[in-house]
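Chain lettering (A, B, C, D, E and F) follows the sequence in which the chains are written, and residue indices restart at 1 in each chain.
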Amino acid sequence: MVYMSDEFLDQLIKEDVPYLDLTTSVLGIGGQAGKITFTSREETVLSGIEEVVRIFAKLGIKVQHYLPSGTRVAPQTLLIAAEGSAAGLHMAWKVCLNLVEYCSGIATRTRRLVDEARAVNPEISIVATRKSFPGTKQLSIKSILAGGAFPHRLGLSETVLIFKQHVNFLGGFEALPALLEQVRIETREKKIIVEVEDEDQARLMARSGIDGIQFDKWKPDELARMIEAIRGIDPRITLIAAGGINEGNAALYALTGVDALATSWVYFGKPADVAVQITPLFN
Amino acid sequence: MVYMSDEFLDQLIKEDVPYLDLTTSVLGIGGQAGKITFTSREETVLSGIEEVVRIFAKLGIKVQHYLPSGTRVAPQTLLIAAEGSAAGLHMAWKVCLNLVEYCSGIATRTRRLVDEARAVNPEISIVATRKSFPGTKQLSIKSILAGGAFPHRLGLSETVLIFKQHVNFLGGFEALPALLEQVRIETREKKIIVEVEDEDQARLMARSGIDGIQFDKWKPDELARMIEAIRGIDPRITLIAAGGINEGNAALYALTGVDALATSWVYFGKPADVAVQITPLFN
Amino acid sequence: MVYMSDEFLDQLIKEDVPYLDLTTSVLGIGGQAGKITFTSREETVLSGIEEVVRIFAKLGIKVQHYLPSGTRVAPQTLLIAAEGSAAGLHMAWKVCLNLVEYCSGIATRTRRLVDEARAVNPEISIVATRKSFPGTKQLSIKSILAGGAFPHRLGLSETVLIFKQHVNFLGGFEALPALLEQVRIETREKKIIVEVEDEDQARLMARSGIDGIQFDKWKPDELARMIEAIRGIDPRITLIAAGGINEGNAALYALTGVDALATSWVYFGKPADVAVQITPLFN
Amino acid sequence: MVYMSDEFLDQLIKEDVPYLDLTTSVLGIGGQAGKITFTSREETVLSGIEEVVRIFAKLGIKVQHYLPSGTRVAPQTLLIAAEGSAAGLHMAWKVCLNLVEYCSGIATRTRRLVDEARAVNPEISIVATRKSFPGTKQLSIKSILAGGAFPHRLGLSETVLIFKQHVNFLGGFEALPALLEQVRIETREKKIIVEVEDEDQARLMARSGIDGIQFDKWKPDELARMIEAIRGIDPRITLIAAGGINEGNAALYALTGVDALATSWVYFGKPADVAVQITPLFN
Amino acid sequence: MVYMSDEFLDQLIKEDVPYLDLTTSVLGIGGQAGKITFTSREETVLSGIEEVVRIFAKLGIKVQHYLPSGTRVAPQTLLIAAEGSAAGLHMAWKVCLNLVEYCSGIATRTRRLVDEARAVNPEISIVATRKSFPGTKQLSIKSILAGGAFPHRLGLSETVLIFKQHVNFLGGFEALPALLEQVRIETREKKIIVEVEDEDQARLMARSGIDGIQFDKWKPDELARMIEAIRGIDPRITLIAAGGINEGNAALYALTGVDALATSWVYFGKPADVAVQITPLFN
Amino acid sequence: MVYMSDEFLDQLIKEDVPYLDLTTSVLGIGGQAGKITFTSREETVLSGIEEVVRIFAKLGIKVQHYLPSGTRVAPQTLLIAAEGSAAGLHMAWKVCLNLVEYCSGIATRTRRLVDEARAVNPEISIVATRKSFPGTKQLSIKSILAGGAFPHRLGLSETVLIFKQHVNFLGGFEALPALLEQVRIETREKKIIVEVEDEDQARLMARSGIDGIQFDKWKPDELARMIEAIRGIDPRITLIAAGGINEGNAALYALTGVDALATSWVYFGKPADVAVQITPLFN
């Protein structure tokens, strides 16, 4: 359950219909009563549905049926059915279709990646990165949750994840272990995680008492060997694979023994394909 | 030139850094001076660059070099170089990278599609549809412009485009020609465009004096025959192909004789791949 | 149907009542139940009514009767009747009265101008310009629609209208025809319209294949002669009169043979005169 | 000095240019350097100028000359001169012109009304009511200040002004004097003002120790007699004439002996007439 | 009745729950039905209650019982009882508790101060200053009203209160009386109030015809003598004590003979102590 | 470094000065040049300073001197010195003073509490809870950082903290250990923390492999015994004391052996006391 503000939903409407719907107006059909249906054209995990329901309400459209976000549907499934004025239905049409298609696209890819990974490693955690399209974080996070993943980190303010870009200011990786104690004093409630680039860095950090290590763009077989070595040093460390993880290789990475896969792949790709029909209610 | 408000850019920053950058804070490196560079990893048409420059300024980062949106760059090209505090650089890093990568991804796909189509039909118009990710219209429109396309329609308020979903309320396509005169009285400054589904509808509309016809998901060869027939009826009509047009088939559609290709494909796909480096300025 | 966001309506309320209603508070009458009525004092075409209904709902006021925007009413017509707490009614009073009076003022002037022009030329299009009071575009557009006109252009982003201020950068009108082909390639779905200042410019553009010509501040008789000449050159061109068109001269301009009148006059002038009564419900 | 937020100014820009300036884009002139001038076409009291200067800065336009809001100018006076890219100048043109014309229209009417009234009664206060176009209060208040008036009341939250609509809940005017003592306890820092409809009410209130009496739509001669009577009862009461006061009758009302004139007339009427020229900087 | 916008309430929700409620999500309890109760732990004057009711509605929580803001309750009083999903209840919990506790803290302190002062001087006015926590003015003003006070001034735009910081630009207090006549011309509807620092200034202003005098941080006994002297000069002047007034000394100041006490003390201090219980509805 | 948006700072200005500064306007002093200084009246840890600097810039005020947030100053220290127009200085005065005083109040209390605790336990972490005044989170978080603490959790979206209010939906504490494994799968990157009420719960959770335990409102001596027992069960668990921790008892709690103190006390209490002087620049 991700709460979205009325202001945000209103902005989505106004983005597509800043003022009138000119076509519906000049055709003079706005006052007729009509029905709208959304139907899946392919296997889809739904997202964005509750936002469509709220946008419908704002435009005077009454919902008779809907399947909640997170539902996995077969092709040709009726997702939403609602009634309203032709004016309202045409104003709602495209913004709502875009919402469902983009959000469900993310949810469906997430679900597929989660299923691939969990099939070979049921205890693996799948987390989605911060690399969502700027301006879409609410919709993106809702959608990865609908698909069965959780956020890796929502932003910079609540987690500690040390990258090379930080280490550059410390004078190199070697300086990091000595610094960890001070970091820990400030953030005892958080896991301190570091991204490493090679085996030496990984071993150094494993011996330092770090809480987690992230491996970016490692090959699965090399990563598997590395994970085994790290477990030997400190079995308690959270180990995360990141960088280039997608539906096709998720199982391979899940088999490396890491605790979590961090993925950006779920955010981009084709929107889900959903059919919309708008028809008059009486004729 | 798409003007984006300060409020919008601030929201993008806050989406990634609602409060502090915890990692930089606990490492105690925020006060150091540093340098940031963005470098292309592949052939890219740039977009979102001016927004990065403004976000940098908001975070106290001074830009020394940047290439404007719309520039086509080879791999390994320096896109932006700037200096600021480590605190500012780390706050700006990911939101700015996401901006450039998502926007340039759209611009690059647009450029490729435009080039494919124009190579075989230099006078064809390439327009991008309303099917952008909800909440991203400013960034999406900027990016398709950077890639050499124009917007098909920005929303419902200023163009007349009649779909089956409208015609359903008129009692069928046959009723449309009689209605056109009234529509024209209200919208003499606009082209009235209708989307047709089959040859009968196309011929009916061509004879009605309509200004434009849009063909959704027609096969190129069937569309080519149709276009020729329409030109025979009324050579003045604007003819638009839409539905499933992408880099791979743009040339085929451009050869059908249509005046314009309307595409949504440019909006989705992988973000461009850009390398970021953040290093201390003095050491 | 112009959708206005909750945020916008809330801002209108807060503009008049940032915190409390001090007078009602210190009189201690806020908790009493009351009734509010809006009644026309003159012949009026209504606008802004739906926004009043929504503001009433936000302040706990229940509407028992209202006439929709676009209705033409005689003097002494009951427009809205509603009940709520005295606190709510007094908070709603002035912001809602201002809404109805300003919006209906625009709608009424629009209706009168449209009727004047259509009485002598039933097929003429009446369009309202971008010259609305900054910050009021939603209310202004709603109101010209309620009065029977349509927007000329909502802004700069979706139409091509070439002014002298553009031509100055092209080296003069003579350069424009050669440029048109390139412009058309980018905007095949739009009519390309140019504003001309004299007969030479008008003839030049008429021969260039332009889609529309706008005549700013021409006298009706000179314009009539010009229109006839243009029709002889290219009967297909959309011809628009603009500049100083008002209720008093709309018929004269409509008789010149132009296709459309573009007017700013509807936006300014006296608000409609509406009487408000607030009375206790029980006494 | 009325401070307007960046968000507000950005909204004004976006209202007119939500995305690109299509005409300037397709003409390919946006990159040229140009100059813009605003010149008065009639005697005008300026307002909205500082907002234009800020909008210009947002669009990369450098101001070389401007006259501040409040300045009274003769026809053909250069108000603003600035330089920027043709893209920026065309984006700024109409929103800035509308700002200056609407705001200066209000300022000019205000100045004329103030001058009429002060010519016969130099100590009279001219205040503008809450009846501004919803959504324009910042611009409207700035403009009446520029014209030499002050706000009557900015909203409901900080002043006590008792109307018949309040009195209806008290059981009639007769109940008001007894209530005043309690009202005064809560609002000792404010003047308590009441609007009266007839002579009986006026006398009743004058004897009650009220701080001010407002007379709505009284005829000047009847009002003058009434004022004299009230002064005889309590010379300390602030007396305000309201309702239908305009440039034409302001002097008559000023001569009645009231302390203040409250007017809504200044808010509506024609915008000021300002000429804009945009020309290339080099040619 | 202070109206708060939906946007404002949504911002409060998002401040605490920007995306999901992670704990409730990972525990998998969000779909269960539950009940929430708010119960006072101490004598409290309530505020913020109506906002909680609206936030509950936004999160799908149905209210069965609530006591309105302004109610004075004993310890162990049930303030609010409501039912909803565990997901909704946990999202609402802390933001609503914070609202009620901070707002009621202000209301309770206000009530206590008002009661102390009115016990010894029933006609004294208690007003709260502008010194509320930036960003909380709506909540703060609602709360002082709930506690029985009124706002001193809501901001700078509607009252005239002259401080030393103004007088510094006039060349000293001696210059003020001569200026008053001009000030009065512009603001006849307002009381003109000045803050004085010593007896000389007070006497000077009392003789000047000023409407009100504010005494900042005077000791009660010195103030009492001063008030008596001023009343002797002009009994009509509004006299206000400000600076350091709190529950402990309010009675002393109320006995000095001033008309009003202006206090900032009510804004800070401990939030009220309210117990929240969330339990499953069926088990 | 907490970045605050321009919109947020503009809202703070408008909260205090929605339109004009009436007093400065009617006194006619706005155009004079002046100087403003902020000076501490007591030992203070500064916060909110950078926001004052930005607000000054928005109002045309040039800063000549300022001490950054986080600085600890003695009484009578010059914090900020700046110059601008009297109009700008008076608009900025109170909103900026309120900012510095409220923010520095939080920072100062935080610093004192941190110092008390660290004096006896240098490795203890001090974290501030979510219990800030609704609407002030940005300012509050900035201020606790300035005072040397870190946020406990910024909201519900990124941390796992299980309260009794959650456990109620699980059928009691006994059910929690069995559930932990599933929770861990979804949130391997986070520490899972639970708040316990008594010794049995604490022991149960300590044996369950939980990452952290929070103790709410335990007495220091009982807590010390409990901590020792928990360390014996699992020395790796993060142990947090919360509830009623303040400057007076922080050392006692720090001596119990917990890893962190979570406090809300820092958020409420008196604002810091800062003197402002505004004087003419030339006289």
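Heads up, the rule we're going with is that a contact is a pair of C-beta atoms (placed from the backbone, for glycine too) under 8 Å apart; a residue touches a chain by one contact, two chains touch by 3 or more.
None of these values were measured; they are calculated from a predicted model.
Each step here moves to a touching chain, and the least such steps from subunit A to subunit D number 2. Common neighbours of subunit C and subunit D, listed by label, are B, E. More contacting C-beta pairs link the chains of A-F than the other of the two pairs D-F and A-F.
Taking each chain's centre as the average of its CA atoms, subunit D and subunit E sit 31 Å apart. Mean C-alpha position of subunit B lies 43 Å from that of subunit F. For the pair subunit A and subunit B, the distance between mean C-alpha positions equals 22 Å. In subunit C, the residues touching two or more other chains are 6-7, 11, 17-22, 25-26, 91, 137, 150-151, 154, 157-159, 186-187, 190.
In terms of which chains touch, the assembly is arranged in some other way, matching none of the line, ring, star or all-to-all patterns. Looking at the complex, you find that subunit A touches subunit B at residues 8, 11-12, 15-29, 32, 34, 86, 90-91, 93-95, 98-99, 101-102, 105, 130-137, 139, 155-162, 165-166, 168-171, 179, 182-183, 186-187, 190, 268-271, 276-280, 283.
Residue ranges of subunit B in contact with subunit C, taken from their complex: 123-125, 127, 150-154, 157-159, 181, 185-191, 193, 212, 236, 238, 240, 259-260. Residue ranges of subunit C in contact with subunit A, taken from their complex: 1-3, 5-7, 137-138, 141-142, 145, 150-151, 154.
Looking at the complex, you find that subunit C touches subunit E at residues 6-7, 10-11, 13-14, 17-22, 25-26, 30, 58-59, 85, 87-88, 91.
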